[in-house]
Amino acid sequence: MTAAGLIFSNIHDSSVPELTARRTMASIPYGGRYRLIDFALSNMVNSGITKVGLITHYNYQSLLDHIGNGKDWDLARRHGGLKILPPFITAYDNATANKVYSTRLEALMGVMDFINHCTEDVLVLSDCDVICNVDIAQAIERHEQNGADISVITATVDTAVQPLDAHAEVVKVDAAGRITDMATYDAEKGEVEVSADIFVVRRSYLQRVVADAIAHGQTSFYKDVLYRQLPKGRVFAHHYDGFFGRVNSLESYFRCSMRLLDRGSCVNLFYRHNQPIFTKVRNSVPTRYAPGAKVSNSLIADGCVIEGTVENSILFRGVKVGKGTRVSNSILMQDTLVSENVRLNCVITDKNVIIKDNRELCGHETMPFYIAKESQV
Amino acid sequence: MTAAGLIFSNIHDSSVPELTARRTMASIPYGGRYRLIDFALSNMVNSGITKVGLITHYNYQSLLDHIGNGKDWDLARRHGGLKILPPFITAYDNATANKVYSTRLEALMGVMDFINHCTEDVLVLSDCDVICNVDIAQAIERHEQNGADISVITATVDTAVQPLDAHAEVVKVDAAGRITDMATYDAEKGEVEVSADIFVVRRSYLQRVVADAIAHGQTSFYKDVLYRQLPKGRVFAHHYDGFFGRVNSLESYFRCSMRLLDRGSCVNLFYRHNQPIFTKVRNSVPTRYAPGAKVSNSLIADGCVIEGTVENSILFRGVKVGKGTRVSNSILMQDTLVSENVRLNCVITDKNVIIKDNRELCGHETMPFYIAKESQV
Amino acid sequence: MFKKKECVAMLLAGGQGSRLYALTAKTAKPAVTFGGKYRIIDFTLSNCVQSGLDTVGVLTQYQPLVLNEYIGTGLPWDLDRNYGGVKILPPYQGKNGADWYKGTANAIYQNMQFIERYNADYVLILSGDHIYQMDYAKMLDCHKTNGADCTIAVIDVPLSEASRFGIMTTDATGRITKFSEKPKNPDSTKASMGIYIFNRDKLFSYLTADAADPKSSNDFGKNVIPAMLAAGEKMMAYPFVGYWKDVGTISSLWEANMDILGEKPQLKLATGNWRVLSRHDNAPPQYVGPDAVVDNASITEGCEILGTVKNSVLGENVRVMEGASVVDSVLMGDTVIGPGARVEYAILDHNVEVGAGAAVGAPRESADGKIAVIGEGVRVEAGATVPAGAMLSE
Amino acid sequence: MFKKKECVAMLLAGGQGSRLYALTAKTAKPAVTFGGKYRIIDFTLSNCVQSGLDTVGVLTQYQPLVLNEYIGTGLPWDLDRNYGGVKILPPYQGKNGADWYKGTANAIYQNMQFIERYNADYVLILSGDHIYQMDYAKMLDCHKTNGADCTIAVIDVPLSEASRFGIMTTDATGRITKFSEKPKNPDSTKASMGIYIFNRDKLFSYLTADAADPKSSNDFGKNVIPAMLAAGEKMMAYPFVGYWKDVGTISSLWEANMDILGEKPQLKLATGNWRVLSRHDNAPPQYVGPDAVVDNASITEGCEILGTVKNSVLGENVRVMEGASVVDSVLMGDTVIGPGARVEYAILDHNVEVGAGAAVGAPRESADGKIAVIGEGVRVEAGATVPAGAMLSE
């Protein structure tokens, strides 16, 4: 079975307004050198998919900068490869002029041309707010064996550790893997099985249900399409049990990031056999630990210069930590400059932030202190 | 002097509504296998420019398909290369939300980030409605020698052959090459010197005048910026004397195309030493002339199959001309299928048009008959 | 980081192709131009890509410069990949000295390290000098389904011609029971196409044994295949039906070119999504002048036809001037046929210039099968005559 | 269609680098890892790209597989171009037989065709085994301004060391008046860096004469440069000031690695827009564990440090387990230092495994300059001891 991919870059942007003020959910930096889209893209590429449509609506300049020509994911191809699907806007007034899709179903309607021109048997749909490393090839194989219309990747979430919100869809699955029920998360406690918002769909089936939804003026992919298909018994779950994180608030972003400092989780996400996570290659120099630097329990990207103390933190590329400075429990994004004798605790700095000498900034793990892009403190 | 390029893909779209209904001016097919943007891009690449920003506003899916990852222009690079600059739209309401630029100056304001991040000394600005093959490297050299702020590429147009409209800017130049006066075309007859809408500008100067124009709420690059700079004496003309065509109506599109059947003009445009016109490579087979085919004075792309008669026409890739058919004075775009025993005269077919057996369609050179994309007649 | 590849293709492109004489003086046979805008190797490379094989080692030895330039980064075939893609594998100097490739098997033997890097389970051995379109993925499926050690693609040839080929005798299941290289009295019409799929480990052990045998000529057909057969390995034939031509001689090269012409060409260069990919320059569309006559011809970009072209295949940038005629000929490209010149029943390599009024070749009816061949860069003076069957080189 | 290139760079990368012993057993010297995430050749390649030279021929001969894979399509250096870019130029078999490269000049001689294709006016000759950052565009400007036939980059060396180099004596204008290869009594401190710019036609005529001379050893330094000087060609010295190091020996390789460490490193890998480009995998960020000690070190992606690292350079995917210590050492990558193991004053090639509790090398103070070297793929058993200055290979 051949497969093509389709990635929604903006869905759920509004959950994390701080980080998406000038970027898409897809281009939120994560884990020292990644952007959230790297997970969706790598999952597809690792499963042998070589054609991916990337649905963009707004704010996607930073996403285009990250993606470049797709070479870093080996998707710079003459045939297939990565295709940007911009919103359909025209200069002339008409029904669709200046329309920016807001739901998954509307977005699908907007890219029916792309879907119709594919020749692949199945499509893999993915959002960008989940962090996982799924063997999608296996899911496609099962999809075929099951004779499924739609297969939903699902994961088990312990709500005590990862709180959920109403963006999550809870699934009930029978012994054969069939999804029997599906509902928006409603404050259940304990371990719940949720959709990862990654779908394997037969292309012809998707064409039909989307056309039908258009005809009926429907708007929700879950409520109007998926829910109604359940009784037919051809919607299956494919359980994934590796690292699973979902970014639905600044706090959950902080929590999902800090989970990487648990070595087991980090290895589970990044070191799966034959499933590397690809990202844009930036020609950074190695990180230099100056004489006298002290670092512990931290994840550090290349291109950093560390002269002070760093603990329980994540440093993105090009971060500088000056002498006499102590950075604890913090996330410092690309090219953050922390000068000398600074104290940071539970702080998130966005790109190109400058923290001057002798500053002391302190948040809390339930309320990290976010410093916006290019701020100087 | 280092240079970067900036291409406006949508300016003047409204001049040719037929051809831009679902594409940009930049992606109008021309000359059998090209799109109009190929001229702007090739001019830049041939002058050694390796970083080009492509300003897109609307309708740019077909442009993205043509450009791909930029490999065909050798612009698929890690550093520099081709950068798509999409409109700044955000999901959140604010002053610039859903704003689609309509003038060159507004477009420049929208991409100041790109301009500010360039490190090159000069920028080359180009529209997509002119067809020419200019040695821009030479223009940049003169620009430097002249100590110019702006150099405008100009060409001589004989209005008897190529009618002009109010989009054209007429320039007056002194012996030293300085532009002394500039005005919108106002029905002058005979040979007039007009701007090709290609500019070489010092980057720092452009930053300053655009910032100034923003501060003063101005909107026109010509009227508010260029006209006012003339008295300072640092605006120069760089005369170009090769093939020059400008598409400002369907009729002028037809005329500019037919000029390629004059072998001298065609060679002048396409065979300049070290200045090839690059375009997207499509893996077409060679064109096959079946036994009995008759072809004269025509420009024919690869991938055609000709069984009938073709005269004074331009055939794009993948066109089929059936037995007993006669195609005269026509432009058949990509994958047009002309069946058997058809007569076409002064017809323009857009992509994927099908003309069935025994049809007879006839326009006039002053009023070519345009058949829209994917029509069946 | 090398991700595992199920199957790696090894394309033997080192042959000199000496029976193409002037056409292979400066270039290896796989790089010879075919069909106006292709090189012979394009067929095999395109087969690989369209069969989903994205890791191809190209083994070069003889005059590789043109081939190296042509393949470049692999862009035209979408083989410019971060992992895999097309890689040129020339002979090299190791710690213990230098070795040229001694035979087809030896060439693969010296590059086992390349195959190991991708940890491939299967190795597909190809040669770069046949014209055909084949889906290797189906052959691999067959190989796996059969649980074979080696699968060899075969094509039915007329019994009268079978003695020119390596002939496979098979049992009812398709298992090869006998292999005879150019048998005098062939007992089968299944000819080997020189396309082999091997299980990697089996291949390596036979190659290692073959390399240790000083008497071996290190050739697949002569040594490795017979050795495997003798040892009772499971070797299956994979029947192929379709156009297939060895273009190893002047006349077969001419014929194959002519096969792309006609009302219904025998050799289709594109069918559905399957097409032959090639590297070509960005030349403008072809121009056919007011008084030109073009009848039954294949013409490509950059050509300018002012005279007559009949039953001919023209490559890029050929100019046929006023009053000139080109009949029953193959012009590879970048060539000028001067005013009033006549080219008949001939093959012209790249960059040939035929001066005004010159005559190359003779009408096909009277040429008695003798094709005139003009090598790269040759200039035929104005008014000169090149007889049928002549072979000119620089 | 080859567009003209003003200057083409030819990078000699065929040397064995035998004084690096175990480190060059399986790979050519230019492909040896340096500074944790670079190969030695990255410095020269990056210099080319950042000087605006986009056409680079890399001449390979000895153990080219690793180098070929590493350079690949040229992507990391933005040299995967449609016109120009980086091209590997191995020795090849021509119509009249096969030739390995006999010397540096012979390697260029055999590839004159490559330079001709780009119709270059100038040829820049480089070698791939020095660590330095230099803007060749400035050198070319100088060459043109001087109207020179050949320009040679020189660096000032201490008079005491001058006898180890090719020494140029110049007049007041910088014109070279004398060239002495490793002179006993040097009369100048200007040492040749082995970087030459030639006018193309001059170069070709001297190379052709050199190739015809059976007594020549076909070397630039020994034959071509002296011949040009003797003939009175205009040869200019181009002075270079900055970091420059020949990393041809174990100790110089170790020292150059250490030069990227410290409060203010002597060797800066990136300054402003100028940076050394390299190919590297997509490894996750480095992890420094709760009890790790990292002091004065350069560490790159994919590393996991649970023990102690001091005064050391670590390449990709090095794991230093609990209680292990790495001091005064260079670990090229993909290596595991087992729990409690100790590595001091050593160079470890890729894929080395040091078992738990093993000891490699001796403290620098007591090692008497003897660096322990462990070749690619070697496994040091748990508890084993590898003495200072030992040289292990697989």
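Going in written order, the chains are labelled A, B, C and D, and every chain counts its residues from 1.
Here is the rule we go by: a residue touches a chain if its C-beta (ideal position, glycine included) is under 8 Å from a C-beta of that chain, and two chains touch if they have at least 3 such contacts.
Nothing here was measured: the structure is a model prediction, and the numbers come from that model.
Farthest chain from chain C (centres taken as the mean of C-alpha atoms): A. Taking B-C and B-D together, the pair of chains sharing more C-beta contacts is B-C.
Averaged C-alpha coordinates give centres for chain C and chain D that are 39 Å from one another.
Averaged Cα coordinates give chain A a centre that lies 47 Å from the centre of chain C. Shown for chain C are the residues in touch with two or more other chains, namely 1, 75-76, 80, 82, 281-282.
Looking at chain B, one finds that residues 71-72, 76, 78, 276, 281, 283 touch two or more other chains. The residues of chain D lying in touch with chain C in their complex are 1, 25-26, 60-65, 68-69, 72-75, 80, 82, 85, 87-88, 90-95, 98, 100, 113-114, 117, 281-282.
Remark: chain B residues 31-33, 71-72, 263, 266, 270-271, 276-279, 281, 283, 285-302, 314-315 touch chain C in the complex.
Per the touch definition, chain D reaches chain B in the complex via residues 1, 3-4, 75-76, 78, 80-83, 273.
Contacts from chain D toward chain A in the complex involve residues 35-37, 75-76, 260-263, 265, 269-270, 275-278, 280-282, 284-292, 294-301, 304, 313-314. Across the complex, chain A is touched by residues 10, 13-14, 17, 56-61, 64-65, 68-71, 76, 78, 81-91, 98, 100, 102, 113, 281, 283 of chain B.
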